[in-house]
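In what follows, structures are represented as structure tokens.
Shared between the two complexes below is subunit A, which has subunit B as its partner in the first and subunit C in the second.
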Partner chain A sequence: MADDASDNAHEKPTQLFTLKKWNAVAVWNWDVECDTCAICRVQVMDACLRCQADNKQDECVVVWGECNHSFHNCCMALWVEQNNRCPLCQKAWVIQGTGK
Partner chain B sequence: MSTPARRRLMRDFKKIQDDPPTGVSGAPEDQNIMVWNALIFGPENTPFEDGTFKLKIEFTEEYPNKPPSVKFVSNMFHPNVYADGGICLDILQNRWSPTYDVSSILTSIQSLLDEPNPNSPANNQAAQLYTDNRREYEKKVCKVVEESWTNAYTKS
Partner chain C sequence: MIRCIFLVLDRTYVLQNSMLPSLWDLGLDLFRENVLSREHVRERCFFGLLNLIKRERSGDTIDRCLLRNLLSMLNDLHIYHTMFEKRFLHETEESYSIEGSAKRSSMEVHEYLIHTERRISEERDLCLACMDHSTLKPLTLCVEEQLISKHTEALLSKGLSHLIVENRIDDLMRLYKLFSAVKDGIQSLCTHFNKHVKNVASLIVLDVSNDHTMVQDLLDLKEKLSNIVTKCFSKDLKFVEALREAFESSINKRQNKPAELIAKYVDQRMKSGNKEATEVELDRTLDQIMMLFRFIHGKDVFEAFYKKDLAKRLLVGKSASVDAEKSMLSKLKQECGGMFTGKLEGMFNDISHSKELMAQYRQHVTTKKEGKVPNIDMSVNILTMGYWPTYPPMEVQLPSYLVKLQDSFKDFYLSKHSGRKLSFRASLGHCVLKSKFKNGNKELQVSQFQALVLLLYNEATCFSFLQIKSDTQIEDSELRRTLQSLACGKARILTKSPKGKDVNDGDNFNLNTEFKHKLIRIKINQIQLKESVEENTDTTERVFQDRQYQIDAAIVRTMKTRKTLSHQLLLTELYDQLKFPLKATDIKKRIESLIERDYMERDKDNTTQYHYMA
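Let's look at the complex of A and B:
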């Protein structure tokens, strides 16, 4: 094939390189307004103060509401027991999702 | 013993030191982080200007889900401050939010000084004078401002 390449312009061009390895790298972050839990003041990515003390780091998840404010799920669970409003915007608290 | 409330108060303390709000200061007692002593300077261009008012803040283990009890230790003459120093302020009662901290509590009380709510009086005389006789009101305020400079008149 290499011999004919120069003569036949309409032929497919010679393969210039081969992709041997592909390392995809992705970064992610919570798409939320606040990265610190306004209740316990620890980053939502880390376990809340209560779970850190109880050694339950793995169970501590993030919760975010329809208002897009996010907190630690356990911090928020204690608060909504007495007032079912977002502590930041005072809107009725409706959970949009939880996750880690 | 470290509890969530105490750890949160440690964070509050760090915040008030790293990023001190204007005209207020506060620190926990040496042996007990659940009790804080605070100072509020009367806002400029108000009758409370130059006052240095002492307060005591007491937290429970339910903080920040429950508000602390905040009282003026210095004598105060204000429509929303009771005779015992207790403060009638919505954010310390039914409008409390667990996102508040010591800095925001003290800043709110400082702005309450010049923005009283005469509709929910804790001190009837102060509320009435504030509405009907501002000159006399300011004279009484001036007196507590002067008293605040010494410990002699403060309740312990």
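Let's look at the complex of A and C:
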């Protein structure tokens, strides 16, 4: 139980410094292989151009296919209307998941 | 009497014979012909009149009654307008021409103005009292011409700057009033005003040694001049425009730096915030800053620095008032549109989302009670990458209980949001440490790096620089900065040996067990808020980088629509499109680079002609 020991060490009453409050900072981004959307050429972390223009940045999420390629969900929604294949690898497009 | 006696004759005979003038008119005619047509009589009369007026002007009291009667006589005889008025005006012109030149060189400008004003009102008085009222207009015109129009340039270049610098509201008001009466007076006043503002403002902007007061100085100057324009120049649009133009040209005489300094000035205000000023005052200051901001051509520099400082304020919790931040944001939105503020709004949203999420997380922890979680109040700000300035990730060695805490939160976060990656930025975290010194317990507000270093001292009281480095894994220059803040700052929790300002590889750091401080809560994390030199150059460089992309994009956009364009025309298009100051050499470089990348090509016969390549 090494972890427990260190936990206890943290709360030993005699020690000089004890951490009371910790304001940490973390950054999130989409877990993607390529950081630009191949359809609109905008970074997937930014909203696609259409959503930027309509001020819908918050709703613009990323979609992953089974092939592990990812795009803006709205860009892909328009794409599959014409061609139900992944624009990068031409495999049939099956959605693996969308970000939220 | 004669009239009474001959009244009957007049009524009965003369009226019926329309050829004959009335007796009254006849009398006047005869008098004119017989008395005043004689040269020397007339001359004596005129001379006497002019003499009277001259004496009046030089300050003697004269018999105004006599003057009035004589002049009305001339008027009745119909020779006032034809003969006297011209002489009179000529005389006036001469005397004031002499007086004007003499007084101008002997008097200070403001005295001269008072003098002129008095003269004009005196002439007006005299004219209204004694002369035919139709003379008033040419008379004033004549005096103004002699005393003001002839001397506009001299007066303005001699006295305007002085009056403005000393903020002589009354004198300036008088100046405006007098000058507005004469032709082109306002125009040249306006030109000189503009020149003066340019001089003063450029001095402030170009004075490199006074960078830290530049913004305050400009604000004060602007305030003072706006006041003058409102009070003295009756808010004349010409002057408002002249003021604006002068500021715009002066502030852009130096590139980039003013924008940066304005951003920092806002940062200062926002940090100190309500401690120094009330909400209303702060808002007023912000409005004034926005006025300066409007003049700036390179707004992107401001944006970059503002964003960087805002990020720090939000993350380190040093923002004085959220309302003020929001109001500044809406002002910027009005000014630059939603494109720029979109990301800033995103930053605010991140902070409020993080708060909600932390509340959920705390609930999650208490209901789950998984194992033993150390009793640390953790809160995490989760930033959306892209909204915030980029912070390079730095790997550091955390104590195992912190790693556990961090991982527990990470798991919680990823369970809420699929498809995301979360990485911590140790350089931005800050902590509160409880500490037990011999001389009393203290609460230290420290940066996460400082905390990591201090926590080491739970194990021993002395570490060498290299030991600390390997135990914390903090990046070299960051660690040096951190140690400096702990051992060389105001509150010295560590002591360095050998002593000195700089941290060297061989230095040892001892715990200062005798640490004393009059406060219980001590902030030593200001170091996080301070801007390092690297940060500054970094921000500026990023702005330049962005500008290059913008130039590229603008060139390609233009060439795509025009297909073929000469160098000159392309340049004019670019100057129209791009909103920051551009140098022709920079554009040339970008064009070269685009040619290399096959976006466009030079015409084979005409080297100043470009073709777009699809």
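Here, the second predicted complex is superposed on the first by the 84 of 100 C-alpha atoms of A that agree within 3 Å, B and C clash if a C-alpha of one lies under 4 Å from a C-alpha of the other, contacts with A are read in each partner's own complex, and residues count from 1 in each chain.
Here, a contact is a pair of C-beta atoms (placed from the backbone, for glycine too) under 8 Å apart; a residue touches a chain by one contact, two chains touch by 3 or more.
Fair warning: this is a prediction, and the values are worked out from it, not measured in the lab.
When subunit A is checked against subunit B and against subunit C, the one touching more of its residues turns out to be C. Listing the residues of subunit B that touch subunit A in their complex gives 2-4, 7-8, 11-12, 15, 64-66, 97-99, 101.
Touching subunit B in their complex are the following residues of subunit A: 38-41, 48-50, 53, 75, 78-79, 82, 87-88, 90.
Within the complex formed with subunit C, the residues of subunit A that make contact are 2-4, 6-7, 10-11, 15-31, 43, 45-46, 52, 55, 57-58, 62, 64, 97-100. Of all the residues in subunit C, the ones that touch subunit A in their complex are 315, 317, 338, 342, 346, 349, 372, 374-386, 388, 391, 393, 399-402, 404-406, 409-410, 413, 417-425, 428-437, 443, 448, 451, 454-455, 457-458, 511.
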